[in-house]
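For clarity, chains are labelled A, B, C and D in written order, and residue numbers in each chain start from 1.
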């Protein structure tokens, strides 16, 4: 087992564990904080995959913006300081069963696929992943259009969020 | 102006007058009659010019005035119409224009022009008189006709029809004029349409003549087909006539010429009121008197005879001079029979105009019979003289009636019929001009020897019949002539002689100059016109005046008719029947005061041999039944619509069955409602799944996705 | 101008429909505007068709002003329009009568807008039939004309309108079923509906060919009768005529004018345009039967008219009587096609179509005039109206006389030509038809007698029932009709020349 | 070297946990948290496939970026909706928001 593998396993365990806490903890504030942990784990996974840019964006956008947004939302929608009542449905076991089933199904698919065991090729020397990504996002021959559409989507979401949440009184 | 142009123009003034009066001047009575009479004068003037130019032409028969133009395109050819004045045309034009002019003039007085408006007069009824105050005394005077202008318009249209008929060079325009006159006779007989008797008489006249007309139309179509032309001059060429004469038809073994002539003759039978289509003419006396004179004496009924005269060459194709062809025998028979038959009825009539009406029928019978035996010139001669003296008699009778109406207004007793001769008597002193002119007319009608025109023309017919050995015709006509003189004298005696039998007759008055002047003019011709046709071989008078008429009119025919050898038998006969009839008439009626004393009021005669009743039973009633019951109610509403409605009912029945036994139970109940019920049941039971909870939906979707995905994976991919 | 000159027929055909669509956007309650707009719109086709008449070259055989547009390529049908002397006469009649009918409807106050629109649509439908040189287009317009008429009767008719409109619709639709089938058969056989090429191909079929499993002869006979029945219903020929008195009687005045004036001509036109050229052999073979029906229509029509007590029914039956002469002429022409007699008979038949259009429209209008004032058509309630309405009376007598066939007026010319043409060909039938001609006189005189003559009618003379004289507008409707009636009666050459050339070229 | 399957297994786990959250949590905010987890698992997949495929093809990363954008938008609108609903109905419990039932 290489060092890389050991690091991966630790990161994976942390990520999955905190994720599990996100969906099980009763206190939503805690859940949001556990989410931060999960997202951080995923950022490390990106780093392990040599996707540095993604890792940074993960930290900045997800943790910096989205997770904080969740915390605000939780605080805004609390009736009182404490959580009251059960946080899950009575039939939560059905959801659990389905989740397990989908996990088993997906795992079976992954393990049943011959390509899943191959190792990653080494990066070419002088490979500039961030530069390549930037070019791909701005080149007319590649993904400039989806990129622009994404920006429009964000703008729409911005306007939409303001509109929906606006207090008309 | 060339004569041809002038001929084209002759019919125009009256028709223009018609349109002018109808469209513009109908409000002004004076203007209307000025236009009407003026138009008649213009046409008369033009006719005179044409006539005198015509008699100045040598051999007019071979070179008549004619002119034509293309009227109807028919396939590759044209139907031409045009004008023609040959000797017959000129002679007829002469009397037609004079009588029409005189009648126009007469109408002014007859319809009381210059008199005040009536108290209660309405359009559609004869005027009833007006009350005026003179010298502080109220009395009733005749009132002016409310539809005065209209009368002149109709007369104008009528005159147009007659002129068109006379000047036309072909059967088609002749027929046009013929029918226009038919319409006018309808309009004029029904002029006082407010009287039910008048409107029925108008329809009777139109329908009866139309019976003849449709046959005539067939004849025209036949002739046009057979010869390709309707122009007289083109038909009456030797080869055309020969072809027509030798083509046989399947009907009664007649030749084409004979059949056409007979078809056309049926038209004449209608128009000239010959038996068996004579019934309309006496009833037509419902019209104003100038109308009776115009239509029933001078022009329209003459038109019927004129048509036969025109068709004479066709009628006499194959005639060898002695033995009558089938067609000719028919014509001669109808003519002679009508002459006698109508004369018998005339004897028993009391209405002054009805006597004249039957007399007209009878005299027309003379002409037809003459044509039937081939006496062409005699027929034309009698046609013309008759037109003069019969118009005179009608106008005279109108004058009498008018005088009597004056008396009726004076006494105020409207019960007295001003037309009944038994209400008259002794009018010779009250109305001298009317009396003398009427007397002349009556004598002419009776054939008073030497002096009157009627003698010469009637004698010629009798002589012709005798001379060519048609004894049956001769005897019939002689008897008819005797009766003619008899009933004429009866009429004169009852009307003018003796003493007034009623108060009204005592107060009768002579009529104004517009009425008497035409009488005088016509009386002049009723006497003198006979002198142009005195046979050359006639004792004493023969040769004094050349027999111009025979020469002139005879020239119309391709084969100039021979002048007849003089024979004393017909002369004696006609002398006897005329004088004898007059004498016996005077003898029988000089003392008669009431109808009861009249020995000739025999019911069968008085009721016109029951022809009206018979026709009513045989034709009119069945026609009503056929129209109203058979065709309308039974066939259309009953059978045809019945079949249709049956279709409808059967369809509806089938529809009901399909609806009740298939659509409703099977389609509606089972398939339609059944499907709906099933769906509703399923829906109702599935409804609880719709919780509105997104997570449950999602869960369910996932369950199904996983199950289906797994199934697909294992069943298909693996 | 060039556009107009090269699209005369399309313009004439579709202008009324276009105007009707424009009317849709006019305010509903502006009756005056709607009336004048409809009237003006119907004058345009009239002016255009006058221009076509002027520019028409009678001496040139075949169709003129032809226009052809692809319409339904897959089945070989095209919007092929064209006129010859025969159809041009009918087009002129239609475009003349429609403005008059609209002018006659100015007294309508109930739902003016749809009423006027229906009239304009009706005009397009009728014109389409006369102009179409394509069987399918012919049929389409044939049916299009029915719909506005149905609604006119059904919505603006008098008491018994439901029965009448339904009868009219079902009768005509039923009749045209066979027509549609026969047209489809022709289309399937030849792959085209174009009339000009059908004339050629259909008649060049040889007798030994087998079509649809039957001999050519059988097929043609069946198709012939399918056509005949469709047109016979429309003409209408005895015994298919009973829809006519009902429909005419119940229809509004202007509707009857067009119904009698133009719609009946569609049937006769079908005989001339389709049956005679497409089925010369069958027409000859069955001419006797056709003539029999025609004579039955003439005689029974006249008698039935005489038996009516409803003024409008009387006039309606007179149409049966008069149209019988048209078919008699056609039957004669079918029996002896190519001869001069046939040409004369056809001249007469076509002119009779035109003439009947004038006089029947006039008669129906006059009945309408008096009905509007008295609200009754019962002849027994009239009588003695002449002194009250002298001008109306004069006009009525004039028009009646045209209908009666008085020489000097138009009806005589055409009837004479038909009789002259048919006499040598169908002697016995023509002779029997004279009975009908005689009774034409009887019912016309009955009408005049019952309406005008007699003692002054006190009921209509005073008070609230007082009969008013015919108005200027109504006189204006009659004036062109009367002028034409007189003009054709005196000098028919101007119109007969065009008809005659067409007849000579066609048959 | 870590094989591709490890990343995929990790991603599958993350996904299933998110799914569980989405299906079982009552609070709407918590459901959104689950959604975030699922989106992250997808991103992990995308990055892993990029790395283990042809690294010069940037499709995997580009997709991941776009998923970021979508996730941001989703959260923004989603939370706005939750707040809006909370204002109107005074609850964020998903089961109480069942207006769309029969």
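The rule is simple: a contact is a pair of C-beta atoms (placed from the backbone, for glycine too) under 8 Å apart; a residue touches a chain by one contact, two chains touch by 3 or more.
Just so we're clear, the structure is a prediction, and the values are computed from it rather than from any experiment.
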| item | value |
| --- | --- |
| Pair joined by more contacting C-beta pairs (B-C or A-B) | B-C |
| Centre distance in Å when subunit C and subunit D are each reduced to the mean of their C-alpha atoms | 80 |
| Chain centre separation (subunit B, subunit C; CA means) in Å | 33 |
| Interchain centroid distance [CA atoms averaged], subunit A/subunit B, Å | 117 |
| Mean-CA-position distance for subunit D and subunit A (Å) | 7 |
| Set of subunit A residues in contact with two or more other chains | 89, 94-95, 98, 102 |
| Multi-chain contact sites of subunit B, meaning residues that touch two or more partners | 695, 699, 702 |
| Where subunit D touches two or more other chains at once, by residue number | 19, 22-24, 95 |
| Chain-to-chain touches, reported pairwise for every pair that qualifies | A-B, A-D, B-C, B-D |
| Subunit D contact footprint on subunit B (complex, rising order) | 687, 690-695, 698-699, 702 |
| Interface residues, subunit C side, partner subunit B - complex | 167, 171, 239, 241-242, 245, 300, 303-308, 340-341, 343-344, 347, 384, 386-387, 390, 394, 397, 401, 406-408, 412-413, 416-417, 419-420, 423-424, 430-431, 434-435, 437-439, 441-442, 445-446, 449, 452-456, 491-493, 496-497, 500, 503-504 |
| Subunit B to subunit A touching residues, read off their complex | 695, 699, 702-703, 706, 709-710 |
| Subunit C-touching residues of subunit B, taken from the complex the two chains share | 22, 70-77, 122-125, 172, 175-180, 183, 186-187, 190, 193-196, 199, 202-203, 206-207, 210-211, 214-215, 217-218, 220-222, 224-225, 623-624, 626-633, 635-637, 640-641, 644 |
| Interfacial residue positions of subunit D with respect to subunit A in the complex | 1-10, 12-27, 29-30, 32-34, 36-37, 40, 43-44, 47-48, 50-52, 55-56, 58-59, 61-62, 64-66, 68-77, 79-84, 86-87, 90, 92, 95 |
